[in-house]
Each structure stands twice: as C-alpha cells, then as structure tokens.
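Here you go, one structure.
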Amino acid sequence: MLVPTGLHEACGVIGVYAPGRDVARLAFFGLYALQHRGQESAGIATTDGRAAYLHKGMGLVSQVFNEENLRPLRGHIAIGHNRYSTTGGSHVRNAQPYLIETIHGPLGVAHNGNLTNALHLRRMLMKRGVGLTSSSDSEAIVQILAASPDVWPHIPPVDDEGDLWIGRIRALMQLAEGAYALTILTRHALYAVRDPRGLRPLCLGELDEGYVIASESCALQTIGARYVREIEPGEIVRIDASGLSSLQGAPCRRRALCIFEYVYFSRPDSLMEGQVIHTVRQEMGRQLAREAPADADVVVGVPDSATPHAIGYSLESGIPYTEGLIKNRYIGRTFIQPDDKLRREGVRLKYNPLPANLEGKRVVLVDDSIVRGNTAGPLVQLLRDAGAREVHVRVASPPVRHPCFMGVDMATYGELIAHRYDIEEIRRHIGADSLAYLSLPGLLQAVYCGMGEPTEPRHCTACFSGDYPLDVPEWLFAEDRSKVLFEN
Amino acid sequence: MLVPTGLHEACGVIGVYAPGRDVARLAFFGLYALQHRGQESAGIATTDGRAAYLHKGMGLVSQVFNEENLRPLRGHIAIGHNRYSTTGGSHVRNAQPYLIETIHGPLGVAHNGNLTNALHLRRMLMKRGVGLTSSSDSEAIVQILAASPDVWPHIPPVDDEGDLWIGRIRALMQLAEGAYALTILTRHALYAVRDPRGLRPLCLGELDEGYVIASESCALQTIGARYVREIEPGEIVRIDASGLSSLQGAPCRRRALCIFEYVYFSRPDSLMEGQVIHTVRQEMGRQLAREAPADADVVVGVPDSATPHAIGYSLESGIPYTEGLIKNRYIGRTFIQPDDKLRREGVRLKYNPLPANLEGKRVVLVDDSIVRGNTAGPLVQLLRDAGAREVHVRVASPPVRHPCFMGVDMATYGELIAHRYDIEEIRRHIGADSLAYLSLPGLLQAVYCGMGEPTEPRHCTACFSGDYPLDVPEWLFAEDRSKVLFEN
Amino acid sequence: MLVPTGLHEACGVIGVYAPGRDVARLAFFGLYALQHRGQESAGIATTDGRAAYLHKGMGLVSQVFNEENLRPLRGHIAIGHNRYSTTGGSHVRNAQPYLIETIHGPLGVAHNGNLTNALHLRRMLMKRGVGLTSSSDSEAIVQILAASPDVWPHIPPVDDEGDLWIGRIRALMQLAEGAYALTILTRHALYAVRDPRGLRPLCLGELDEGYVIASESCALQTIGARYVREIEPGEIVRIDASGLSSLQGAPCRRRALCIFEYVYFSRPDSLMEGQVIHTVRQEMGRQLAREAPADADVVVGVPDSATPHAIGYSLESGIPYTEGLIKNRYIGRTFIQPDDKLRREGVRLKYNPLPANLEGKRVVLVDDSIVRGNTAGPLVQLLRDAGAREVHVRVASPPVRHPCFMGVDMATYGELIAHRYDIEEIRRHIGADSLAYLSLPGLLQAVYCGMGEPTEPRHCTACFSGDYPLDVPEWLFAEDRSKVLFEN
Amino acid sequence: MLVPTGLHEACGVIGVYAPGRDVARLAFFGLYALQHRGQESAGIATTDGRAAYLHKGMGLVSQVFNEENLRPLRGHIAIGHNRYSTTGGSHVRNAQPYLIETIHGPLGVAHNGNLTNALHLRRMLMKRGVGLTSSSDSEAIVQILAASPDVWPHIPPVDDEGDLWIGRIRALMQLAEGAYALTILTRHALYAVRDPRGLRPLCLGELDEGYVIASESCALQTIGARYVREIEPGEIVRIDASGLSSLQGAPCRRRALCIFEYVYFSRPDSLMEGQVIHTVRQEMGRQLAREAPADADVVVGVPDSATPHAIGYSLESGIPYTEGLIKNRYIGRTFIQPDDKLRREGVRLKYNPLPANLEGKRVVLVDDSIVRGNTAGPLVQLLRDAGAREVHVRVASPPVRHPCFMGVDMATYGELIAHRYDIEEIRRHIGADSLAYLSLPGLLQAVYCGMGEPTEPRHCTACFSGDYPLDVPEWLFAEDRSKVLFEN
C-alpha cells in the first residue's frame, strides 16, 4: 500500500484455553504472529480459575514481554491483544486486554473493531454512575459485561441458557453497534464473540490440549494449532472444562467481512473464508491485468504488501515480474526527523530503486491500494530517477472514497485523495504515465475466485462504495472528531 | 521507631486550587514535603475545566516526575498523592490519584486512610455491575462518587445544596466506614473531605491566588501557603471560582485523630491540633523521664525519628543528651541482600555507634515506639559493643498491642511483640538492662500539653488500648487477610 | 540464508563531511539504511573542529538515538557505526565508534572488519604500556593511530606527505593484517581507509555540500548523496576544507572482496564493483538452474534474502516462481523462549507456508547459502506438511566448509555442516528429495556477469575454497577461541 | 553546611581482599556506607585471578546495582568507587573504577583526589601516543600504571622490590602531584596507596578472611571489618595470598590531611587520626562558644551536618540546644524547577522552621561552614519569620577564602563569599544580628583535642589560610577552567 499512515491496522486478538500448557507463552507467540495488526501496545491476561493476572505495555510484543513478566501469568486460560499504532494520544491507559473484578470473578476482554455507537454506550454507562478510566470503546464493552442484562433499558430479555456470561454477552450484542471480534476470559471459561455482520475476522484452532481463538489463522499455525473454522457472524463460542460449545448470540445480519482484510490487512499466509489471502491477492493482480492492461516491459510491486498482486499482474499479462524497489527491512519507528532537504526526498528513507531492473524500461508499478496518495508521487519519481522510461501505476483495489468507522482508523473524507480528485487528476498529481484502479466488481470477483459468487453480499465495501452495512451516526463523518478524555 | 517495616506510613494527599499558578508544580513540591508519608508511588491529576490530565508512577515523587511529564498537567486545579511502600504486591495499578470520566465530567480522588467496610462497598459496587480494576478501596470511593446517591440502597436521602458533588460526597460519607481524608477534583471545583471521626489529618492553607489542602502543614510551608486551619471531622470544604465554602458532610462522631501521628508519622515541623509535633514529642520524652527515670550517664535517641523524644527525656532528667548512633543519610531501597555473615550484623547497614559518647557509659536509649521488636535487640547489642556499660531502653509511647485498620498497614496480632510478650519478656528478648514504656495517660498528657485536657476523647488510641473508635469486622483481625485480585 | 545465527553480519560504517548540514542526522539515516549489517549497537561521533561529541548505545539505531541525544552531536564531520549482534558477551564497552583525545586533538574510528593479528597488535600496544579497555580490535586500531609511527618496531619509515594522520594511517596499514574498512574523524578532516585486499566494501558519495563514505551505496541513496565510486584496496581518502584527495596508503595486495557480500550480506539495492547486488543474485539463481536443474512445478525462495536467487532460478528454468513461505515481518529479538512443544516446531515462529501454492507440487526451494544447517530440515518438513509432493533444495552458493576470520563471525569448523558431512549426508539430514549447491566457478561466473571475467582473482572465497587471501594464525582455527577480557 | 552546592564532596573508594567471601557484595555495602562522599556514579570491579569484571553506572550505589549485575562480579578481590555529583558534564564515561587490560593482566583503579598536574600528565601520555577516552585524571593514573617505569622521562629509577606493580606505583608517585588515595586491583593483589602528604583519608580494616581498605572507617564497621589503622602518607599496602605487606612508596612530605574532612566531609561516626569525627565537631562547637559567645536563649544547628557543632556550642555556652529547623529527609535530586514565586522562597523546599522553639527567642544558628553564602540569608530570614527575635550566626570553621585543587571541586575565588567580602559585609548580606567564625587556631585546637598538638603541621588548611601544601599551577586559579573534552 502506498500510504501506510493513512490506514491504521485493526488490532489483533487471541485467546487460548489449554490446561497443561503455558497459555501465556502460547498467547505471546500468537500475538507475535499477529504483530502486523498493531504495534502500539500489547498485553496478555490469564486466569488459573482462582485469581487473574495481567501484563501490558507500550511497544511491540517482543518489547513488552520478557521471561520475568511472562512467568507470573499463570493458569490455563489466556487472552491477548495487539493494539494499532496511532500518531498521537497513545497511552498505556488504552492498552488491552481490559481486566476487571466483577461480582462473578475476573473478567477480561480483548477487542478488535470499533463501535459506531460507542459514545452512546459510554453515556449510558456514565448515566448509570459508572466512571470510565479511558477513551476506549473496549472499556465500555467490559463494563457492560460487568452488569446484569436487566439493568439496560430498551433491550428485550435475553436467554442466558444457564450461563450468566452468555446472557451478558447477548445483552452486549443487543446494545453494541459496529464491529467487534472479542476474546473474553472469565474464571472458568474462554469465550469468542463476533459481531452479527462479521465485520472483523476471527477463527478457531485446536491444540492437543485445548483450543485457540485468533484474529487470523497465521497465529494458529505459529503455535502449532490446527485450523478448524471461522467464528460465524453473531456466534458465541464457549470453551471450558466440558469442551467447546457454540450458540447464536444475535441473529446474523447482512454479512459484511471487511474487504480490506483481503486487500491489505491480513497476512498473506492467513486463511479467510476458506481461501489463502495470498491466492486472492494474486487473483486481484490477474483481474487488474485483465481490466487495465499496460504496454510495458516489466511489472514491479510496492514491497512488501503488493508483491502478491504484482505477481498476479505479471502472470496474467505475461509481462515479466521483477523487484524494482527495495524496502529497508529494519524500518521501524524512529523519532528522528529528517532535515528539510531529506524531507523533500522522503520516500528514500524507506525505499531504494533497483536501476538495473528499471533502466530504459516501461514499468508497471502495482500497489494494493491508495488512501491519502502522498507517497505515490515520490515513488513514481524514484522509478523515473532510476531510469524508468514510463511508469504505469496499477492499483489492485478501487479508489478509496469513504472513511471507515468499523475498526480501521482510516482518514477523514478530506484526507482521502480519491474523494477530492478524479482519477485523471490523481494521475497528474502523482506524475504517472497512466493510472488505473481495479473495479469493485473485479475486486469481488477475485475474492470469490475460491468460493464461488455468493447469492448475497458477504463483504463490507464501504470505503470503496459508500455502502455502509450499518447506520453511521452523522457526527462520525465530521473532519475533526478527536475527543480529549485525559491527556498525558 | 525501631521497626520501620512494621508500620506502613499512611499516605499523603494534596489539593491545590490556584488560577494563574502552575498548580501541578505546587502539588509536586507539596508531595515532596509529604514524601515521608509514602514512598511507593506518586501521582498528580489536574484539570483546566475542559479536560483532565494525569501522571502517576512507581517510586519517590522526584523519580516519578520530570519537566516533560509535569508540563502537560495543565489547569488551575490539582490533586496529588504519595502512596506508602509495601513489601509485595506493589503495582502501578494501585497508584493514586484515581481519575475517571463521569457523566458530569472528570472526577479525581486522592485518598489517605483505610475503609473498614471496603469489601462490603466493593461487593455493593460489583453487585450493581461495576467492574473494578484494582484492589484499592480508593477505587471504590471514586466509583461511588460516580453514581447518583439514589442508586444506593439503605441510605437516607442526602441534601446536595445545589451541587451534585456535595450530594454524592454525602452519600459516600453515609456508606463508607473507617478512615478517609480526601482531596477531590471535578471540572470546576476542588473538594476536601475528612471522615466524621477525623482519623487521618487534613489541613487548609491559603495562597495569594487560591487555596491548598494537605495531609500535613509542612507541605503548606514548603510551597509558601499560609496555614489557616484543620479540616474538621465530617467537614466538606469546596473551593471554586466563587471562593471557599464549608459544610458538614456528616455529623461529627467521636473524634479520633490517630495518636500515632504524634508518636511517629507526622513530620516534626507539622502543626496538628494547634501544636507543633516536635514540641509534643519533646513533651512525651519529658513525661517518660518522669514516669520511668533511669540512673544513667547519657541519653541517646534512635535517629532520626526519636531525636525530639530523647531531647525531652534529657531536658527533664538532666541526663545529658548526645548522639550515640549515626544513621546512613542515604539509606534507601536497595535490592541487594547482605550475605549470611552480614545479615547476622543487620543493623549496622543502617546505624553505626559513636563509641566516644558511649564508652563506659550507662546509656538511656530512647525510641518513639516498638512494634515488631526485631531491631531493638541488635541496637542494644550495638551500643554494648561500642562500650556502653548499661543500656536502658525507654519507649516514648505505650506497648503496641493491637493492629490498626484505619489507614496504617500495621502488623497482625501475631507480629506485635507486645501482644505476645510482657514487658519483662521483651526486656530479656532485646537484652536491655531495663525497659520501660510511656503510659497511655502519660502519652495523652503530653499530647494535651499545648491544648489543655479535652472534655471528651479526641484521639484514636486503639493500637495501644484496643479501644477502637468504630466497629471492626471480625475477619480483619485474622492473621492472613491478604487477598489476591490481580497479580503482576 | 537458512541459518542467520551462523553468520554474523559484518558491521556498517559511515562518514560524513558536510559543512552547513546536520551531519549527525545524515549519519543517523545512513546507519538506518545500513541496519542490516549490525543490530547490536550503534553510535555516532562528530566534531566541530573544536571539540568532539559522541553518543553510542545498545540496540537498533532507531532505539539508540532520539532528538535529545542527537542534537548535541554538533559539527561538520561525523562518523557512525552499526555493530553486528552476537549471542553473548555483548556490551556497550565494545560499541563503536571509538573516540579518544590525542596530543593532536580528537580521533574517532569506525571499523568494519577483523584483524587476523589483533592479538599480536594488542600485545604490542600493551608491551608499550598502553592499557586497553575492551576486547575489540578496533580499540587497537585507534591506539595505534594515537602514536607517532616511529614508535613501532620493524616497520619502515612512512611518508606522511605533510599530514601526520596520513603517516599514522600508513603505519597502521603496515602493522594491521586482515580486513578493515575505516572511517576516521580528526579535528579537521574525515578519512576513509580500506585494507590492501579490499576485503570489506567501502564507497564514496557526493552531496552538494560535501562527501559521504559508507559501507554500501544504499546508504548514499538514502541520504540523497550521489554515488561516485568505491574506495580502492589500500587507498586513503582524505576530505577536508580544501576538498577531497586520495593517495595509496599501502600497495594493493591480491584483491579479495568478500564474496559473501554478493551471496548474502549486502542489501540487494547496493552497488558493488559496478553492479547491483540484486542483479548478481538473480544471475546466481540462473547459473544454479543451469548447473542443477530440477524436475519440478514451482520455485520458492527462502524469504527475504533468497528471493532474487529464486527469481533467477525461475527465469532460467522456466519453472514458475511463486511465494511459498511467508516470513513474519516483525520478527525481531524476543527474549521469550518457546516451550518444548513449540521448540520442536521452531521454524514456524518465523515462517508459515502457503499451502495453496505448494499442495501436490514438486517444489524447488532456493536458499542463498547453508552454514550450520539446523533450519533447513524444519523448513523442508514445513513444505511437506503444507502438501509439497517433493522438495528439491537448491543452494545458490557452494558448501561453506571453512570459517571466516576477516570480519564475519562465522561458525567454527565443527559447526559448519558442510565441513562435517558430504552433500548426500546433508540431503538425508535435512530430508530433501534432492540437494545441490552452486559450484564455485558458477558463483564466480555470476559475479562476473556484469564486469567480465577478471584477469586475476578479485574475491575472497575462503569460506568455500579454504583459499585464504592472507596467512591465518593457527590458533584462530581452534574450536574454542573465546577469550574473556572483562565480563558483564 | 549552608551551601551544599559550593563544595563537592570528595569521592569514596573501597578495596576488599577476602577469599571465600562475596567481595563484590562487601564492596557494595562499603560504598553504601560511603554514599555521602559522592552520589553521581558508582562502580565495582573484581577479579578472580583469571578474568576481571566490571559494572558501573550513574546514580546512587543502590540505583546502580541489583542482584543481576552484582552476581557476575566474581572473585576474591574487589575495588569500588562513589563519584561526587557535579552540576553538569556528568557522564558515565567518567565513572570509576577504571579497568584496563595490560600486558601483565587486568588493572583496576579507584581514585579519590585530584592531581594538580593532571594536564601535564595527560599531555605526557598523549605525547607518548596514548589516546585518552575521558577528561578524568584517574584515567591518566591508570595509563601511567600500564607502562613500565623506564618509559617516563626525568624520573629516577625505582626499586620494584620484585613486584612490577610496586615499581609502577612508585613511578606514579614520582610523576603525580596532588591528592590521591587509591585502591588498585591486579590479577593477584590489592594495593592501597596514599599520596605523600596524605591529603585524602584512607584506612585499613580486617576481616576474618582478609582485609578491607576504605576512605572512611564507617565503611569498615558497616561490613563487619575491624578497624586496624590509617594508611600512612606515601605508603603502599599490598595484600595478596601471602598476606599484607607495607612499604614506603615515596618519602612522606609535609603531612596535610584535608581539614575539611573534620569540618564537613566525613561521616560523624568515622574515625580519623585516632579520634571520632563527631567528637571533634562537638569540640569545634565548644571552641566556637569560647571564641564567639552570644547572648542568646537557644542554640540551633543547620541539620544534619552542623548538629554536633551546635551540641558542642550548647554544652560549652550553657545555652540550651534545640532543633529549630527540620530538613526534608527525602530530599534528593529532583529535576523539577520551582516557579519564580517558589524560587524566591528557595530554602523552604529543604528546611522548615520549628516556631515553637524559636518564637520570641534570641537564636544562635550554628553552621559548620559557609562557602558561597547564598543560603545563609534565606535561612536567617526563615528563623525570623518563625518568630526569632535575634539571629546570631556562628560558623564552626574559619572563612573559606581560597579554592581547593586537591580533590574537592570547590568554588572559584569569585564564588567564595569570604573572598569578596569582609565579615561585617557578609553579616549584612545574610541579615544576621551578629556573625562570627571559628579562628583557624581554634579549629586546629579542636582537631588536636584528642591527639595533642603535633610538633609540625599535619593538615591542609589552604581553603582557610591560602597556605597550599604544594605548588598550584597558576592557571588553576583562573575563574573559568572548564575544559571540553567530549560532550554528551
């Protein structure tokens, strides 16, 4: 993707139920595999059925944990969380999981997603007299679960089927609007919950000694768990001493898995809806080649995320694939600012061209998506400076024209280049010889390649189409929706 | 005091309302002056009427704060807290102040004291469906304040006099049993609250630009505030843009200021009930000399806490005062353990004797109190090794025979040497030539020296007398009352 | 490469002379681009002609530096260093650059390489009475430069051409045996020095305001410097207020650039001997395909390092290239150990397979090199578990049979799998259906692809051939050559 | 002392030789007892006869060391060092001990003192071609010891008595001018060295298993060592497997123990020249009372350092002693600056008055010394504000009129209040009713109280008298003698 700062990745969650194993260690390596979903903070909570234990901190999971702080995380149930990095206001107060004591014992929640009615829920809680310590909608979730369902006005009675936590989760599902994929820890059980639209992914794996829940299947593989299936939209899975059981927590609504998981978020080796992400991305590239061919000598991808798309474009078009840009493998947060002169050359800090593969060539530069569009121009220029005769930009997804409110901290309307400009204007802006995007039908066709076209929509395509799968409150569309809770 | 690990000091709180001043900085220096009341963690919360800001961390106030984290604590209202150090289970999660968002804006609380019905209140909150993140009774206080008074069962209606926070504080005072001296921050006001028995101290000072509330008057002097008066038992003081107002939050019960504030806790330069602590301690020493004279050559105090008592003993007895023990000025937490051989010589790591002042002398060793009694023996031996011919231990307070549940994490019955042994047994245990304690009437007489004998009791003497000023639940007397909430 | 822990990468150095620019900042971003050459420690020294300034620390360059410690590094000359990571004994004491005060002002040295007679030189210095603070041969270099050339026995007089530092550098070149690429800072000049065999790379770039010296050209591009040329073996380049001058510091010996720079060390976008590394690696893959064809369906590389070799193999063989293994992008040092069960599955923590691209396929797995051989087996198994029908391992370099003593902390004889076993034994050990290595002539042919076959050897191939370009002292071949200087 | 920032305390050193004990741990607790001599950095080096081990860092000894970094400091010989705190330029580079490798094995040095010809020695070393890494004169010492004595020009041959280190130490004693008390570690022995004038203190203690060397005897007591005697001026003590031996390293010159050790530096419980410091200080107070009586009601000392002097004044004058100022026990480095208003009230951050003991009283305020004189004024004012009717300042040492160059980083001439003003001017400056200093003969008489008047001078009194016991180079008297070596 050309603009990694425009899209904040959507957090990663994990849950482990495995008596006899070191569940905190398994959670650690699972989070390690999900690191691409969030780099701001990491945390793990466990319980041994008696007490609960928690450690969380700022930074990569490998920075937050060491043997000394992992060891006390005893027990047979663990949940874990990676939080995405934001450009400001980051604070350990917002790190997850949240762990509280309730009248029924410890309760821990790890949340991937975003509630569109978070403000309403916070207000509802505060009106009840519950003080909130952070600005996170995940704290609202955990405090809603802390209370009996019958304290909430305007919701019908829920059937708890003999497990009070089931009743509370069902109440939460009545109250919460938006995206949530949750792992929940209680004294005796691990729960996995996915919102009724299935906006964010969540899957189930099996160990010899128990079960694992994870945002993506790559985490299962990493810790030696066998992939079983996805958690269904609206489903609640409970895992305890008597095994695994499943029930419908809320009726499934229009299915709407975030299509950007296919485009960019997920790791290429993850399995989603029965197909490997890498394969789908390759197919997007193929479809792009069919829709937007280019008369060129070589196909180059923006590393690393657009490599599969570029390989697909190459395979379909017959134009040879090669590496044209090298990305600094050790790129990471640096707090050092380039001076003015370096700033003007910005993109070089991350990418260098391979002139031997570019000189005198007509180049197809494939990217997975363009969000803000402020890196595309410098990259095109970089290729030209390295000798490329022509640069044809091909984007393996449609123009991003609408902000996301379902778990991705995407730019506002004003920041989305495709909201402000038409394609020809963008082409001129980035200085490409030609520019084409994959069509939305083309994208969907690629996504369906391995499963066949569904009879009804299965994905959220709102960022491309503006067709939101749920009602978005007006104020969320405002340019400035920042909200100070506590600073520092 | 001979056993600093037996008595945990009782936390320090501060509150500042001063438009135009850097209130966080004033709170910092106030906490700095109150550092003796708690060294485990420190924190400051402020508000500018719009947002609220918080920083807290583990360690001394000078370690927790630097210019970088102090600067963002903007506003005109600040509260701050020093927490006492415990030997285990210390965690930043329990650091204060607590700051939450409520439906009526930010709410911050700094609490000195201990609620005897904390478990009951936690259960009451959790039954309502409020999840708690820590094991601190101060979190219970802040969550009680977050809710409207009418949600609490079994309390009569409260009069909020047009300020909803007053209503909530009054409800809290109905619900909470035990010791609490609070500074409370809301969007527009600073409140100071003292429990109806006045168990823990709290006083009021004045700045040119506003007011200061502090656990002890030494903090007022340090930041240039003029001492005004003490907050009365059961009083609520409110300070806002319209100035200072006072009202009775709950009827004053039997007054019961902790007498140990006079014996050991407070700084000698603090003013309490109209008298300087140092003067009272000197008087305790005088009274001790009258009650328990000794045929000796020299009076020596256990530094630094027992110096005033020793000076008093000397003045009254005519036996010259001198320094006999030197304490390492830089003693502080070290994580290095002595080896076996050093351990046997334990007390030397903190104290060295001054043989020139001791050799061939009959020594009166004055201490302020004896709690567990495991350092007295080594100190007596140290004096003997330095040449003292006789060592007569005089303790400027009565034997500590009962645990405290009102804000001092004192030892259990089993750990209190004077609960297990009579005075002659203790004398033999510590190897002194003679041992005497100040009587309780004698202690009270010293305390009354500057104010005249009151018509009714004004102080809690439970640790000496077993006469608790409130009902103590049975379970609190148990030897092991530790309670795991979340570890790590 | 299959075994990143077997070969320690060879440090990166940088030098900047640029009045009017923030040279420390340029050095920072240069080191950032050279991060792949060493992750243990990083440092930058600068001078403004009056005083010298230094900051160094453990970790990645982005962890070591922040605006606060970068700002004081004033001046117009800077040198910098990244140190490779070792598995133990790492200490900030060994971090570079070394900066000392001499009678002629400050002297700073950043060193990439390894002296084969370091022990001899250390002894020579210590015999003179110079105490050494570290076990680094780079400290020997800086102390040799600190003294006048005529104090060294057994070396002929050197011509300093009017610049005393030139004389000292020439004396060093007489004394030092082995590999060294140096950037040197003095009060008024920046020097670049390369050993007479050119064992380690070093190149020159130009800025509008001055010059840059770097281990690899990727660092030049990153900071906007134009690539000029390589420093020649035995050359000394001096850059000062009067511009750049060059002279021969020692007669060029048999040229012997480390061939492993082509195989693995250098970044693919760097230019070496006139050719882009990426192109050479692709050619290695092509040559491997010619020498060791395989009857297979798909070519897969070990990411990221063997991707270019695999693309080359694919292009030459016509067997389609695809991605078969996904590497965790965020892999980094973690201090958490897998439990036994995870350990047995070790490789999964770093790599996951893409079954869709492997199932039922006969796979060619291309790696750049095999050193210890303990990861190859698990990777082959991973591919088989993902459904690969056959796995044919192809290594794009010859068997590594000899240790390196010229700047790469390679394994000892006993640790080199190809020293202990023949190829068929290795094949069985790793469980491959077939195994083939590129021949040494084939490797050289690939390296010569862009420059034509040289009339005489230009590269060190000792790790493959045992043909060391210089005399290696017997003791260096010993299995245990560890040496405690100061621990902790 | 009124001005703790005017006099930097003079470092503390320790050395332990004790097979079978954990010598690093003993060194740790020894440094802990010597913490008052330096708070900037701390370090310990050890050897087991095979390798040497080192850890040092910034801060208090309890902050620098933990079990993890102490444990690897193996062996039977240890040396340790506390460095005094300076207001700027502090850097771990200057932390001690220095530990180097020489041709004869490891060499470690811990140094208390200051060489007046350090610049000359540094130049001598640099001319020889030895590069120096720090601005410390202690590094010059260690590099001089690293070389054979015969490389030094202009010194007569030295007799090494069969131990090469003895020869080198003797050569050092020929070369070095100024103050040095050293503990030196080599592969097999521990050495203690004191300069020929005995400017800085150093003493010897005995353990069951070996010996201890320390700056002050308080460190011996703390670790259970029996005090034996002082190291003599010019003496070298060697301790190794064959026991303790002593020899004269250089002829004793005019004895000149720093008299400020008696006035302020040493801990009151330390023994010096056969007498306890506390006793001498009490005698200074007595002498002051004789020389400068005051018509007053109460004697108050500036805590904690002037307490013994004040007690002496009281005993002699018959004016009752009391505590009048309370010092914050937890005062420590804080990086928070008071705001302007607080700054004007500066002294309150450290001291609060005890009005009950001052009100309406004529007060004698006893201090041990006045250096810069910028705190005296505020303290006098503090007493007046607390109700003192008169304040008579009595200083238990003569006016400090001359800077020190022998191990105390005292102010320059321009900063010494008694250099610029006469006593009446100082009195007016600080606002006292009367001001008197102890005379130099009076001071000496107090020092001689326990040992009888010596036949010739034994002490350096240069800061009072200007009578330097050695030649001080002219440039050292300059106001600005700062010297940048490496910053940051």
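Going by the order they are written in, the chains are A, B, C and D; count residues from 1 in each one.
FYI, a residue touches a chain if its C-beta (ideal position, glycine included) is under 8 Å from a C-beta of that chain, and two chains touch if they have at least 3 such contacts.
Here the structure is a predicted model, which means the values were calculated and not measured.
Counted as hops between touching chains, the shortest connection from chain A to chain D is 2. The chain with its Cα centroid farthest from the Cα centroid of chain C is B. Chain geometry summary: the mean Cα position of chain A and that of chain B are 49 Å apart.
Taking each chain's centre as the average of its CA atoms, chain A and chain C sit 37 Å apart. Averaged C-alpha coordinates give centres for chain B and chain C that are 61 Å from one another.
In chain A, there is no position where the chain touches two or more neighbouring chains simultaneously. Per the contact rule defined earlier, chains pair up in contact as A-B, A-C, B-D, C-D. Those residues of chain A lying in contact with chain C across their complex are 21-22, 25-26, 28-29, 32-33, 35-36, 39, 60-62, 65-67, 70, 218, 221-224, 267-269, 275-276, 278-279, 304, 307-308, 311, 315, 320-323, 326, 328-330, 332-339, 341-342, 345, 348-349, 352-357. Of all the residues in chain A, the ones that touch chain B in their complex are 50-55, 69, 72-73, 98-103, 106-107, 122-123, 126-133, 142-143, 145-148, 151, 484-488.
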